[in-house]
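What follows is a pair of complexes built around subunit A, which joins subunit B in one and subunit C in the other.
Moving on, here comes the complex of A and B:
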């Protein structure tokens, strides 16, 4: 679906690159996460991939089209949801969707159905300018689904949304992916990436440091711990024990044998912890 | 074409939902109302002339008969009366005519702002009037009219070409840039850029909105002030040509900037320079060759030809053709530039 080779991009048209030698491939049906802090080069990469930024150096192929010579019809296969809501404030939610729907040359989804999907059907005829930030974000999100995209670019799809709506958005992404959509997800939220992505790329200072599945990353870079809360002399005690160190393993057996365990769970490393470990930088 | 039409309908809806559309219509109506109810059909352009004569009674009567026929000439008794009258009317001039050694001489009293050419004009006027009264004097001046059928518009109608040029040709330049930068600022341009539509369709839709506004306001104005004596097909042609040129120029200029603030200075200078031909229009004596190269010059003068009963149709047709071609060339150039810069 996406092939990127030796991608460079500079906003000042000099050697000061915002992205450097970026290379990756995304297969059909994959959810690929682009993980990095603000200013790492995520949006620049997505900008080039979606044709919003010119391809200066490198080779990029998106849904079979060479981005150096993009064709307008390729956008019939692509959907883009932006981090910043960008809807026409003086048009109603329904008018916004209907306008874009009529620009596609392929079969499109019903605007009202989409509005229902994200709980905006009751404000379908209200001007988008009167919407809250979250409502605008949902409208921007469903607009990107109008053409049933084969390749779906999502830029921070859950940022700034309350947990219930964020969960709803994640469910929609999972559902569309099940139906065959390939997703390019740009985020700095490791929980979203962890939950949705088959593979993630860590990008920092414009360079990709690592690409792998969240599971492999956790296995390779995480340490295996068990967190146990147990009663000892009528006092709740919390301990984090390694599953590798012998002394900790013996202690765990001892606690299990006393039978006074209240809570026990394994604690893998989070993507954020792995990111920090690999890049030496945080995700904020 | 379907996508262009959909984009135009969306832009039209946005315009109807904004104040700007109603403001422009409102301004056209205010302009019409001012022209109809405030501006006279023809401006008062005569200059008051106060004169006092320190002559013998017979000579005074002769001159009074001579000068007193005009409404613009007032005969007063002495110098101080002239000065007082001139202080009340700062556009007036005065003169005292007296005899000195049997020769008739005069003293001109001026406001102080008159330039040499105006002084000479007043001087020639007085001397001409006096010389004609000398027995035996015959004028050697031959008057030849270059254009026997020359038409003159009323002062009220004469203002319309300036309004149309400003409204259709020049303001469009500014407004279309504002539309583009507003879309950039709201980010909607990015959403449009990832839809299967071409940049030219986006730009052409904006130009069509400008054209719609131009046609509505121009037709309201011309219809209300001039009535049905105008060839509206030519008016349509001129508005389409000048509007296309103005908005394409606005698009081309704005393609070099990424914010309205940065573009505003250049657009402002451009509009101000383009307004220079108004001087030639209102003051025909100032008509250097270089000013004719400004696009607003032929715009104004072809609009004026349109308002004449027997205007030069070939001139009008030529301007329609020239500005349609120039407009389309600028549009192609703007489209070429915006393909690279619209979302950057």
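Moving on, here comes the complex of A and C:
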């Protein structure tokens, strides 16, 4: 679905690259996460892949089209949801979708059905300018689904949304993926990436540090812990013990033998912890 | 075509929500109606005569038959003002005409004829001479006012394009359109079409309200279409780089300077200095539209002036192309 080789991009047209030698491939039906902190080069990469930024150096193929000479019909196959909501404030939610729907050459989804999916059907005839930030974000999100895209670019799809709506958005992504859509997800939210992505790429300072599945990353880079809350001299004590370090294993056996355990559960390393371990930087 | 019309429909819908299109569509009608009220009748405006307070009543009465007569203390000062007013002085039974030199061609001969007839009123003529038509069929204010309004309409069209683009820039919706199959040309035509329609509609309103029924509409259409491009290009170049409407309108106002300079330059500059306006497409538009309104234009003149306008517009476009392209990305 996507092939990227030796991609470089500079906003100042010099050696000061926002992305450097980026290489990856995404197969059909895959949910690929681009994980990195703000300014890492995620949106720049997505900008080049969607044709919004010119391809300066490297080779990029998207849904079979060479991005160096993109054809407009390519956009019948892709959908793009922007990080910043961009809708017409003077038009209603329904008018916004209807306007964009008529720009495609392929069969499109029903605008009212889409509004229902994200709980905006009751405000279908309200001007988008009067919407809250979250509502605008949902409208921007469903607009990207109008043409039933084969390849779906999602830039921070859950940022700024309350947990219930974010969960709804994630469910829609899973459902569309189940129906065959390939997803390129750009995010700095490790939980979203962990939950949705088959593979993730860690990008920092414009360079991809590694690409793998969240499971493999946890197995390779993560360390398993057990968190135990137990009574010691009638006081609840909480300890985090490694299942690899011998001293911690011995301590865990000691606690178990006392039989005064209140709560005990395993704790895996999060993608964020792995990201920090691999890149030496946080995701914020 | 489907996408172009979709973009036009969106702009109309958006423009009517905040009355923008309504205001811009109403402006030419309102201005034409105001101008119509201000334009004096042909008889009032074509011959104005100033006389001294002590001018014999018989002379004044006679002159009032053909002209608007005003009595003044300082006749010379009155004649020297910008408007077309002749002075008539009675001096020992001789009548003298005082002119400033900038009066409209022909009117001085007309006044001479009228006064000559007064001098010879005691002579029996073999025929009765009647002055039923003084030759001028149209007020200069009407011609110049209509011409100015027609050219300003092209700027209004550009302003509509500009404001619709600013809306796109403010909401960053151009990016959303750029990830649909919409071609750049379709977007530009769609965004520009409403501006052209508004310009043509405004010109039609001016021509009809001010009563220019006898003109060649096809000639006017060709000329207005040519000059509309310059308004559209300026609208695009400012619109795609502005994300705030007030600043965009302020930038657009700068265009009024060459428009007014070209028109007033064409009116007031002596013929030998007219060449300094040749760079301005608005001058060429003024030149041909004036002749169209006076029903004196030829197709050769219309094509030549429109061609010059389009060449200048093309040069402006070449200069602004990069700016427009970057703004639309």
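Rule of thumb we're sticking to: the second predicted complex is superposed on the first by the 284 of 284 C-alpha atoms of A that agree within 3 Å, B and C clash if a C-alpha of one lies under 4 Å from a C-alpha of the other, contacts with A are read in each partner's own complex, and residues count from 1 in each chain.
Criterion: contacts are C-beta pairs under 8 Å (C-beta built on N, C-alpha and C of every residue); 3 or more make two chains touch, one makes a residue touch a chain.
Worth saying up front: this structure is predicted, and the values here are computed from it rather than measured.
S.K.: Once subunit A from each complex is brought into register, does subunit C clash with subunit B or fit beside it?
M.R.: Once both complexes are aligned on subunit A, subunit B and subunit C clash.
S.K.: Which partner does A:50 contact after superposing on A: first (subunit B), second (subunit C), both, neither?
M.R.: both
S.K.: Quick check on the superposed pair: does A:99 touch subunit B, subunit C, both, or neither? Answer first, second, both or neither.
M.R.: A:99 contacts both subunit B and subunit C.
S.K.: With the two complexes superposed on chain A, say which partner A:247 touches: subunit B (first), subunit C (second), both, or neither.
M.R.: So A:247 meets neither subunit B nor subunit C here.
S.K.: Should A:178 be classified as contacting the first partner (subunit B), the second (subunit C), both, or neither?
M.R.: It touches nothing on subunit B or subunit C.
S.K.: Tell me which partner A:88 touches in the superposition: subunit B (first), subunit C (second), both or neither.
M.R.: both
S.K.: Residue by residue on subunit A, keep only those touching subunit B in one complex and subunit C in the other, then list them.
M.R.: Shared contact residues on subunit A: 50-52, 72-76, 78, 80, 82, 84, 86-91, 95, 99-100, 102-105, 127, 140, 143.
S.K.: What residues of subunit A sit close enough to touch subunit B in their complex?
M.R.: My answer: residues 47, 50-54, 72-76, 78, 80, 82, 84-91, 95, 99-100, 102-105, 127, 140, 143.
S.K.: Taking the complex as given, what residues does subunit C use to touch subunit A?
M.R.: Subunit C residues touching subunit A: 2-3, 6, 10, 13-14, 17-18, 167, 171-173, 175-183, 329.
S.K.: If you look only at subunit A, which of its residues touch subunit C in the complex?
M.R.: Listed in rising order, the residues are 50-52, 72-76, 78-80, 82, 84, 86-91, 95, 99-100, 102-105, 127, 140, 143.
S.K.: Using the touch rule from the top, collect the residues of subunit B that touch subunit A in their complex.
M.R.: Going by the criterion above, the answer is residues 2-3, 6-7, 10, 13-14, 17-18, 186-188, 190-191, 193-198, 340, 343-344.
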